[in-house]
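Down below are the structures I want you to see.
The two complexes that follow have chain A in common; it is paired with chain B in the first and with chain C in the second.
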Partner chain A sequence: MTPLAVSLDVFGSLDFWIGVGLLAATYGIFTLGLQLNVGYTGVINFGQAGFMAIGAYTMAILVVEAEISFWLALPASIIVAMAAGLIIGLPSLRLRADYFAIVTIAFAEIIRYTAVNARELTGGSQGIGGFDGAFLDLSDLMLDGLDSFGLGDQFLLPLLIVAVVVFGLLTVGMYFLQRSPWGRVLRAIREDEDAARALGKNAFAYKLQSISIAAALGAVAGWFLALNLAFISPTQFDPLFTFLGYAVLILGGLANYFGVVLGAIILWTLLEGLRLMDLPLDASQTAALRYVLVGLVLIGLMAFRPQGMLGKRQEMVLGD
Partner chain B sequence: MTEQAEQDQAPEPAADAGADGDAILAVRDVAKHFGGIHAVDGASFEVRRGSITALIGPNGAGKTTLFNIVTGFQRGDRGEVVYDGASIFRRPPHVIARRRMVRTFQITKALAAMPVIDNMTLAAPDQPGEKLTGLLFRAPAARRREKEVHERAHELLDVFGLREKADDYAGTLSGGQRKLLELARALMVEPRLVLLDEPMAGVNPSLGRKLLDHMHTLRDRDGVTFLFIEHDMDVVMAHSDEVIVMAQGATIASGPPEEVRNDRAVIDAYLGASVGT
Partner chain C sequence: MEAAEAGAVENQQGRLAGLGASASLSPPVVAALIVAAIAVALIVTQGLQPFGQTTVNGLISASYFALGAVGLTLVYGTLKLVNFAHGDLLTLGAYVAFVANVSLGLPILVAVLCSVAGVAAFGVATERAIWRPMRAKGAGLLQLLIMTLGLAFVIRYSIQLFAGTQPRSLEVDVTSSTSFLGLTIGQTQLIVVLVGFAVLLAVGAALRFTSLGKQMRALSDNFELAEVAGINTDRVVLATWIFAAGLAGLAGVLYTSAIGNMTPNLGFFLLLSLFAAVILGGIGNAYGALAGGVLLGLTQEWSTLLIDARWKLAVGFLVLILVLVVRPQGLFGRQERAL
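Presenting the complex of A and B:
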């Protein structure tokens, strides 16, 4: 190969697409919560990585430290994340949207620093592993079945299937929830909270529900993140990941759950493709180039299609 | 404690206003200050059930602040607001609205990025599908209610001449149409008392007349009570049964339009107080 050639071989490999699919599903579920908050309720949540951390760590700690069944730890972690959403929301959701945003980013950082420092529980920056035994049993079972298709050696494929099915179900579920009278109240609050209150809607209660459901979705995303790497550590919950969620949201378009699916697939194809593509650059240059390109894509989007791929331009213009 | 004490200090206006037993709304000695400014300072009045009552006063008299206190959007410092026999003073807006008292805003709050029909159906009370538990456990009831609500919404849109706009975004309506939509939406709440904050402002005369006609029809046919803030004296004199006058945070006169028009205090308030008052 000539030194300046760019190889696109990576796009032909199944490994690559399994990796992209897993990340897209994980951060897609993560972004469904942001869509509910930002796109439909008008609540700006910058703390989604914190809820993801709570979901992942609760599940891991319950399995490893408390030796609770993995299958029980999953719902337990959702409950803990939702409770955290309520605790954050109760004192701060009455604030204006931008102040609430600041509170959530502080919350997410508190969670991350706690994970770094509560070493006995979380393993500190070393992280925590060994929580996925029960899932691997299921995974092996699925691999036996996949073997007959010649895919028995793709050990992440079962996780991908589960993640995609869960992502699909949650997307459709959120879509129908939004079309209900409940979703209509949320949109009214996004448009004008006072108008909603004047018509007898308890805006505060709806915003609390919105943030709790987003927290639950963050927790589910946390499971898949943990299972994908069989290991969790605090750096996986950097604020950066919340903002990657926002990149997905903006790419796909506000106030459209299917936009989240599209946005997640595009963003992670781009990010992983650039990471693994054979570029005549060293590793740190490639790493920097990834985000340069994401930035360029977002700038181009703002210039030519500010409503995102599936967003409605009219809603954006009229929203003000 | 102090609240109680303050209420005890103010029996006079309450007794005064209590002459007519059939008041849907009674405001007694309400006050609200912002820092050193007394926006509302001892406002007392009653609104007779089934009446069209106008609230007038010079700019800065505290009319909108009083509206906000009555509807729960601001918390009054002292006083009492009794609606339909129960105190609603300092209750949150959504609780007050659910008792079928609904307001509109000086600057219309059409939910711009929602279709006109959704603006309407949103306002309907008693929709079990607005609760997550209701969606899970009372789905058929929610669907039935939704059907009723859509029918009612289309009826009202017909009446207000907005039927063709049902699927358009509310943000695409003209200013006057938004005022109509806001009134139509308020009626979806099935209100007993409607408070309108300057309903005629920024509305062209023919739409304005339409709005006033609707007000009379609703009062005559459904017994809805209206309390509205208005600056246009011709409208106030021609369309209201009672007029309440505010100046500098206090109510200074009330009564039938002809009476109020000739009231010395009212003339002073509008034209500037004469020397020595």
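Presenting the complex of A and C:
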């Protein structure tokens, strides 16, 4: 084989697909929140990585510093993230869509700087680990069961199973929530906020609820990110990841939760495939190449197919 | 000494009292009074020397904040484009200067000119290849926003692909420094401040007095009205891009020279500060962005007198959020708070 040949072997390995599945499920859950905000409410949330950070750090700090049970820390982290959603939404949801986008990204950056700087609590750039003991017990139980299928040595398989089940349940749950009267009001607000208000709907309260639920979904994504690496540090919550969420969202299509599933699988297969393919580039160049492609995909889709793969063009009303 | 401090306190109280009585004063005047009051309070509590030193540091960042912000605000005002790729134009400027100055060995002055011209040309190319066709299609806010994100990715990571992530430096003198009145400033930083503020004044004068500058502001104020008034909008839009991108290139070089190195992330790192400056001054308002940049630079550096310097960026973002929440039209914008 010549040194320049690109090896595609990686696509045949189980490790690769477990890795892709975990990332797709994690960022899929993350993007369900963006879909709710952007696709169904017409609110441009650029701070989703901040909510993910709040979820992951709250869980980790409660377990490691406060020595609270892992299973109690999970719901607690959701509550903290939802409260953060309310706090950031209350003053800023009245702003224009583009201003709201800027406020939310500034909020996410403040969260990230806090994670870097509040070293006593967050471990600073070093990060925190050692919060996943309770999950590993469950994981070991599942591995015993998987052993009978000859999969007992796939260390991350139990986490993948849990993540995929949670992602699936949340996707279906969000789908039915969207078909409820509540979901219809959200779409009415997206289409014409004044008309919804004229019908006596408190548009502001609905938008707040939308942001809080997105924050909760971000927090759940944060758990899986944390469990996947058994460790969290501020760089995992760079605004870059919010924008990758937008790539998933746009690829799959706006205003369609199943589009999120499709988008997440396609994007992460591509990104991880590029990372692990035997390209004649060093690690930083491969990372760069991945994101150049993400950028080109975003530009191309927005120019030629803004509704993505499964979205409907008439549902894109963020026109003004 | 005590008398002087008492005098300063009195002075500060006088200003604060004046503030309360001045409901009819224009917002910029109120802002100036608040800044003056904060300055006096900091001098009294922290001493003159630390205050002077942080002010000098603040003016250094003010120079590249203001130059970066003015382009961002003009592009927004003229095209209603919230350009998330604007920060990466600064990065592009820094790396063009690096190629000219270090790889090709050209003098730094020539490198700066290359960088301004190169980034301006890039701005024009994106206008022709992306933004004009998208305007013709009637693209919506979200579509354009995400395209600027995509473009930001393409610029930043193309640079990383070719230049790598290791920090690079221009061939400027970053070690020697000058002292005056007990304040220290690096020699290159002094040049950065002088160049920055000279260009800033020139930009302000060009917008104020030249026909093209007036047309740019007119478009930024009300595109349709300007078009009806007979302004050749196509020409002015191109000029706006040349102006905005060229200044972004210069700001990138100034930032790199003042800080001492560049990485492919520098522009994105600066972008939120630029947004803060733009919003502080009222989005779309060119003078506002210049003033907002100076205010933001001072605020960030002054904050280091009170809290750890690690937090100074977060302070900038907090200012951004506070301004949007309290006065979304900015210090210089008009009351037209859209819901």
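Criterion: the second predicted complex is superposed on the first by the 311 of 320 C-alpha atoms of A that agree within 3 Å, B and C clash if a C-alpha of one lies under 4 Å from a C-alpha of the other, contacts with A are read in each partner's own complex, and residues count from 1 in each chain.
By our rule, a residue touches a chain if its C-beta (ideal position, glycine included) is under 8 Å from a C-beta of that chain, and two chains touch if they have at least 3 such contacts.
Just so it is clear, the structure is predicted and the values come from calculations on it, not from any experiment.
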item: Fit or clash - chain C, chain B, common chain A; value: fit
item: First (chain B), second (chain C), both or neither touched by A:Leu177; value: first
item: Partner chain in contact with A:Ile102 - chain B first, chain C second, else both or neither; value: second
item: Touched partner set for A:Ser284, first chain B, second chain C, both or neither; value: second
item: Partner chain in contact with A:Ala303 - chain B first, chain C second, else both or neither; value: second
item: Comparison of chain B and chain C by chain A residues contacted; value: C
item: Which superposed partner A:Asp153 touches (first chain B, second chain C, both, neither); value: neither
item: Touched partner set for A:Glu67, first chain B, second chain C, both or neither; value: neither
item: Partner chain(s) touched by A:Glu120 [first = chain B, second = chain C, both, neither]; value: neither
item: Chain B versus chain C as contact partner of A:Asn202, first or second or both or neither; value: first
item: Touching partner for A:Val185 - first (chain B), second (chain C), both, neither; value: first
item: Shortest CA-CA distance between chain B and chain C [superposed frame, angstrom]; value: 9
item: Intersection of the chain A residues that touch chain B with those that touch chain C; value: 316-320
item: Chain A partner contacts - residues on chain B that touch it in the complex; value: 71, 73, 92-94, 97-98, 102-105, 109, 111-114, 118, 121-123, 125, 127, 129-132, 134-135, 142, 146, 169-172, 185-186, 188-189
item: For the chain A and chain B complex, residues of the former touching the latter; value: 177, 180-182, 184-185, 187-188, 190-192, 194-203, 209, 314-320
item: Partner chain C, residues of chain A touching it in the complex; value: 38, 44, 91-92, 94-99, 101-103, 105-107, 109-110, 113-114, 116-117, 193, 239, 243, 246, 250, 284-285, 287-292, 294-299, 302-303, 306, 316-320
item: Touch list for chain C against partner chain A, complex; value: 82, 130, 133-134, 138-147, 149-154, 156-158, 160-161, 164-165, 264, 268, 272, 275-276, 279, 283, 308, 310-311, 313-314, 317-318, 320-321, 324-325, 328, 338-339
